[in-house]
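Two complexes come next, and they have one chain in common, subunit A, joined by subunit B in the first and subunit C in the second.
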Partner chain A sequence: MKPVFLASALLATIMTTAAFGQGAPIKLANVAELSGGGATVGTNWKNGIDLAIEEINAKGGVLGRKLEVTHADSQSNPGVARAQVQKALDAEPYVLLGPGYSGSVKVTAPLAAEAGITQIMGGEAAELTQSGNRFLFRTSFGQQSSMPKVAKYINDDLKAKSVAIVWVNNDFGKGGRDVITKEFAKYNIKVAADISTEAGQADFAADVSKIKAAAPEAVFIYVNEEESARILKELKRQGITVPLMGETTLVGQKVIELAGDAANGARGHVGLTTDAPVELIKAFRDKFVKKYNYVPDHNGLKGWLAIYMIKATTEKMGKVDSKGFADALHGFTITAAKEPGILMDATFDANGDIDRQGFLAEVVEGKQVIKQVLPKLNN
Partner chain B sequence: MSNLLDLLVAGLATGAIYAIVAVGFTLLWQTSQTINFAQGEFVMLPAFLMLAAMQAGAPFWLAILIGILLSMLLLGLGFKMLLVDPMLRHGVLPLAIATMALAIGIKEAVKQFWSAEASPFPSIVPTGDISILGRPVALQSIGVLALAILAVLALTTLLNRTSIGHQMQAAAQNPTVAKIIGVPVERMILFTFLINAFLVALASVLITPIYLAKFSSGEVLGQAAFIAAIVGGFNQVRGAIAGGLLIGVVDNLAAAYVSTQYRAAVPLILLIAVILLRPQGMFGRPEERTV
Partner chain C sequence: MTAGKYLQIAFGVIVIAALIVVPMNFNRYGLFILSQWAVMTIAAMGLNLTLGYAGQVSLAQGAFVGIGAYAAAIMTSNGLPLIAALGVAIVLCFAIGWILGYPALRVQHHYLAFVTLAFSTLAFLVFRNEDWLTKGIYGISNIPRPEIFGFPTRRPLPFYYLCLGSLGIVSLAVWWLIRSPWGRAFVALRENPVRALSLGIDTRRYTLMAFAIGSALGGVAGTLYAPLTQYVDPVPFSLALSLDLLMMVIVGGSGFFFGPFLGAMIAVLLPEWLRFTQGYYLMLYAVAVILLLIYSPTGILGILDRYMAERRTKAASALRAVAKSRLETAP
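Now for the complex of A and B:
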């Protein structure tokens, strides 16, 4: 009996080793907005990460090694994010994931760079990748990539020459407002009202009254998801009928759910959307809905892509090398043909910025509809 | 001018909700010396009770009814029996601190058992505009204002025109004498807790479609209503009503004409001015206490 037992144990060990190679699990650390104002962002990001890891591990892991991730809550607070990232880095992860808020990325990026750990994050503020930090990578477009497209659309398609800008007074909002203002100047578009709002703001009656008084030909809204929903409702309540333009945060799934009818007609440039006419994205959406029972917004896609960026880069290197990871990802083009998990071909430049195709979306009868596909800038 | 009208209507609508919540503050203070720092969370919770009822299949009107009843049970009866009664005998300050702990407990429980994310909440008032002085004004603002005024009128009628109201006032003004003349003081105090629970549930129905249902939405509301109660007069229902309306209007005008960034500071400046110039509040009466 004893030899049979030993043989079984040996066989089980061999099978496990065959499934996951010989190495220990590859440890990743995620710090995200799991509560507070950015809970929608962080929860989607986390779920996307977990889904990708589950899928990769089910297929044998990366270079035969399992992926493991720890999740920490930044509470949507940059101070807490910094403490959580320091704690995560002390555990020496292979790659750091998150945060999603630009303000939190700004205060945590120096810590990861100092530790020589690559940070793949969700922030979109233009300045994040302009400070020479070679360890920082985006999962979506920075404002310097998206805002020129928004300004061009407002000028060419909406033909608006007077626009009210509503922005949230944090790194994300201020960065977007600064870039779009410069872009408007190129087209001689007048800023009819420049309205700063607060993160977590509940009442937008006064802000919308200001917009009404300025009588713009279009409104550009650049605030986070929950605030987007609130201001859309208030705009409808006060009868504003001019085109409403924004970014992903204006036309995302969560905004549509929260704002209801008030979201109809809102348009935005979206770098990532589960409504994109791309088969691999549709398949991702189905897998996500099956597991979590809701349709993810772009943050779910970002979390998923972060993991597949790690997989593709590690497989390119042929080894799990934390220190060499950033160099391997700079200038790397991951194609969907070779790595379907990346969903669309993506190129990462020397700053950690991403280049891939984008979309122009409009909310029609409570659904995000893609109106235009915008190709990669550099094919 | 038209902009000012919009701001006044929107400010009065929000202020009317502050007033309802502030009235609750004054009622509890007058009858049981309770300063309820969880009042904002008391407004947040009923919305989730109603959402849970809707998720279980109840239509909106039934969910509102269930929410109000559960609110009166948990935030009225339960609050008084489980927290106020045991703590009050140790003084006003320990009770106030206990309500702070309760606020955190309610927030975290909602976050854990529901979600940290915001949820949509249906509006009891239809969307659209009506014309006032030739200007389109949001029906929702008018509806919220009308419902809030109705609630306040009903409350003042109850307090001033009914036997129960007179007994409640007697219990609030001098419980010892009220007891001697046969007023069931304990029952009257319980009524005020139930009325407060009803008012916060009503405020929840009115404000949540605008603020969205979120575990943290009570923070702003609780603070605004507390300031409103002090500005108006913590020991007068009419003071709380005036304070609520004033804070709503001042907040909106400050956001439009001063600065969005400093809007939160303006009601606080008003509060400081009232404390310095008229400590009993605009409509409050001075109270003397023996130390």
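Now for the complex of A and C:
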């Protein structure tokens, strides 16, 4: 009797352990800009993550296990980001999420790589995925893939040969400016004016008069949302009528709301937008608005996608394997047909860059209208 | 030596031993935060010298940390040893601090704060816009950690010991300084510059000196900050850092030797402890600091100081009362 009892006790223990192992939540760690200069970026990113996790858990989780995430605030400071990522990695998460600022990504990526943990981040600076880090993945186009499309459009469709560039002097703005300047050189497009502005700048009168004096055939605007709206108003006030081109932010919903009439006619390349003519994205937007009471920007989408990247990759592997995650995601195409949460088909290349369709949009009578759908680069 | 003195020494030894032994079991995050505390303490000690002892308000200490950090980042990523960068940072910050001290000869208090604030902004713009030197907004990444006497400090624990050791050396130097005639001259400058002048203290020279030495310590902190985070960009050295350091000095207790130690502890560790409150941690941190300063405008050490003073007064009045009663009962 005794040995049977012991054996059954042992068996029960093993079974409960196994069941516990099966049911234990998958731990994710998010480090993002929840305060400081990048608070909008980080908060959107965080809300997107929470929304996706809530939805996935409501449907039974990933491979039967629930997802669980911890959020840490980097205060938009690379030094703090480093400390928080260190802390997150010490807890051995399945995947690390964030940060959104490229500088903070730069300081934390080596730590995640050293720990062998995959990092899915929001940074868009071109160089991030070019240093051979196998564990780093984007959720949106890097500037090296979005800017060529903008330059091509300016050359082919707008046929502008001289362009004024207005950019915000932080790593995001400067990165975009550097990439597009190189692209313009390829098409022999002259940079008529190269204007750096400050984050949070309120008055663009002097900058716009510089543009006016340079008399370009088009203006490329690469600043944050509020500043986009302000400069659009000022351009209208000073009567500049040449085409205005932007990337993602310029034709966003928030800019249209803030700039009013002045936003009409602005065009832009949009990698991720909640206004995209895609049913799944519209559904996402509705869910987001229902939960948080505001329309997310592309960072909200990025956070959401990061979670669905994890879900799709884990299901592809068929197991929760932190070490094998990065290899499984390299070269992986996630289709919206199979995983609706990914919203649009996306392929991840060997560098961790994303390939996905993009859009060219124009603001017509206060609404973002998609004029062209740019297909994926490699089908 | 009195028993109190022995007690103080014993307490000091215990704290130092704890700082060496306890972190051995810490994870990388804990060591990073402690190293950050050591680095910020050095910078705050510099400001304490300028503000607490010599009474000159400066909002530029963050900029000096930046200068030190960039000196270290640029030189060590070009293969030069950190000790050379340290030398350059000290000389550079000392010289710039000396020059920045000149306005202090003409303006005081908040006017002086504005002059140093302008310098802080200027330094930020130089870090950001002089691409050829500082790599601008992209910052400098992969800053190597140094080898000290052949020991690599790449791992978090050895690097923490480097920061702690540097803090020890700086503390001894400052301790000596404030007990030297210079330190007394600084205090004289703060308490009553006219009287100091009439006593033959060259107030002009000492004002400049207070700025220069304080700034040089900012530079020392910077040379440790760069290899600590292994990445520098202009943003961390904006005005916010200067204000943060100012807060550390005031919260800890301006003009107290141990003020910066406690102040940096509050500024670096308290927000980390409060992180469990998620979105509220910065608010709670701010409220805690406000309450502390309402309760004790002279900082944490001000509370201790008040308590000690009260005890001394009580003891003295007790003695007086005894003496008085003896006098009265005397035949």
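We take it that the second predicted complex is superposed on the first by the 358 of 379 C-alpha atoms of A that agree within 3 Å, B and C clash if a C-alpha of one lies under 4 Å from a C-alpha of the other, contacts with A are read in each partner's own complex, and residues count from 1 in each chain.
What we mean here is this: contacts are C-beta pairs under 8 Å (C-beta built on N, C-alpha and C of every residue); 3 or more make two chains touch, one makes a residue touch a chain.
Keep in mind that this is a model prediction, so the values were computed, not measured.
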Looking only at contacts as defined up top, I'd like to know whether subunit B or subunit C touches more of subunit A. B
Scan A:34 for contacts with subunit B and subunit C and give back first, second, both or neither. both
Once the shared chain is lined up, is A:169 touching subunit B (first), subunit C (second), both, or neither of them? both
Between subunit B (first) and subunit C (second), which does A:229 come into contact with in this model arrangement: first, second, both, or neither? first
Now for A:309: first (subunit B), second (subunit C), both, or neither, which partner does it touch? neither
Contact-wise, after the overlay, does A:195 reach subunit B, subunit C, both or neither (first, second, both, neither)? first
Overlap the subunit B and subunit C contact sets on subunit A and report the shared residues. 34-35, 169
Touch list for subunit A against partner subunit C, complex: 34-35, 37, 71-73, 75-79, 82-84, 86-87, 89-90, 103, 106-107, 110, 125, 127, 169-171, 174-175
Subunit C residues touching subunit A in their complex are 27-29, 32-33, 36, 128-129, 136-139, 141-142, 225, 228-231, 233, 235-236, 272, 275, 278-279, 281-282
Which residues, counting only subunit B, touch subunit A once they are in their complex? 3, 6-7, 10-11, 14, 111, 115-120, 127, 129, 136, 138, 140-141, 209-212, 214, 216-217, 220, 251-256, 260-261, 263
Taking the complex as given, what residues does subunit A use to touch subunit B? 34-36, 39-40, 43, 169, 195-198, 200-203, 205-207, 209-210, 212-213, 226, 229-230, 233-234, 236-239, 254, 257-261
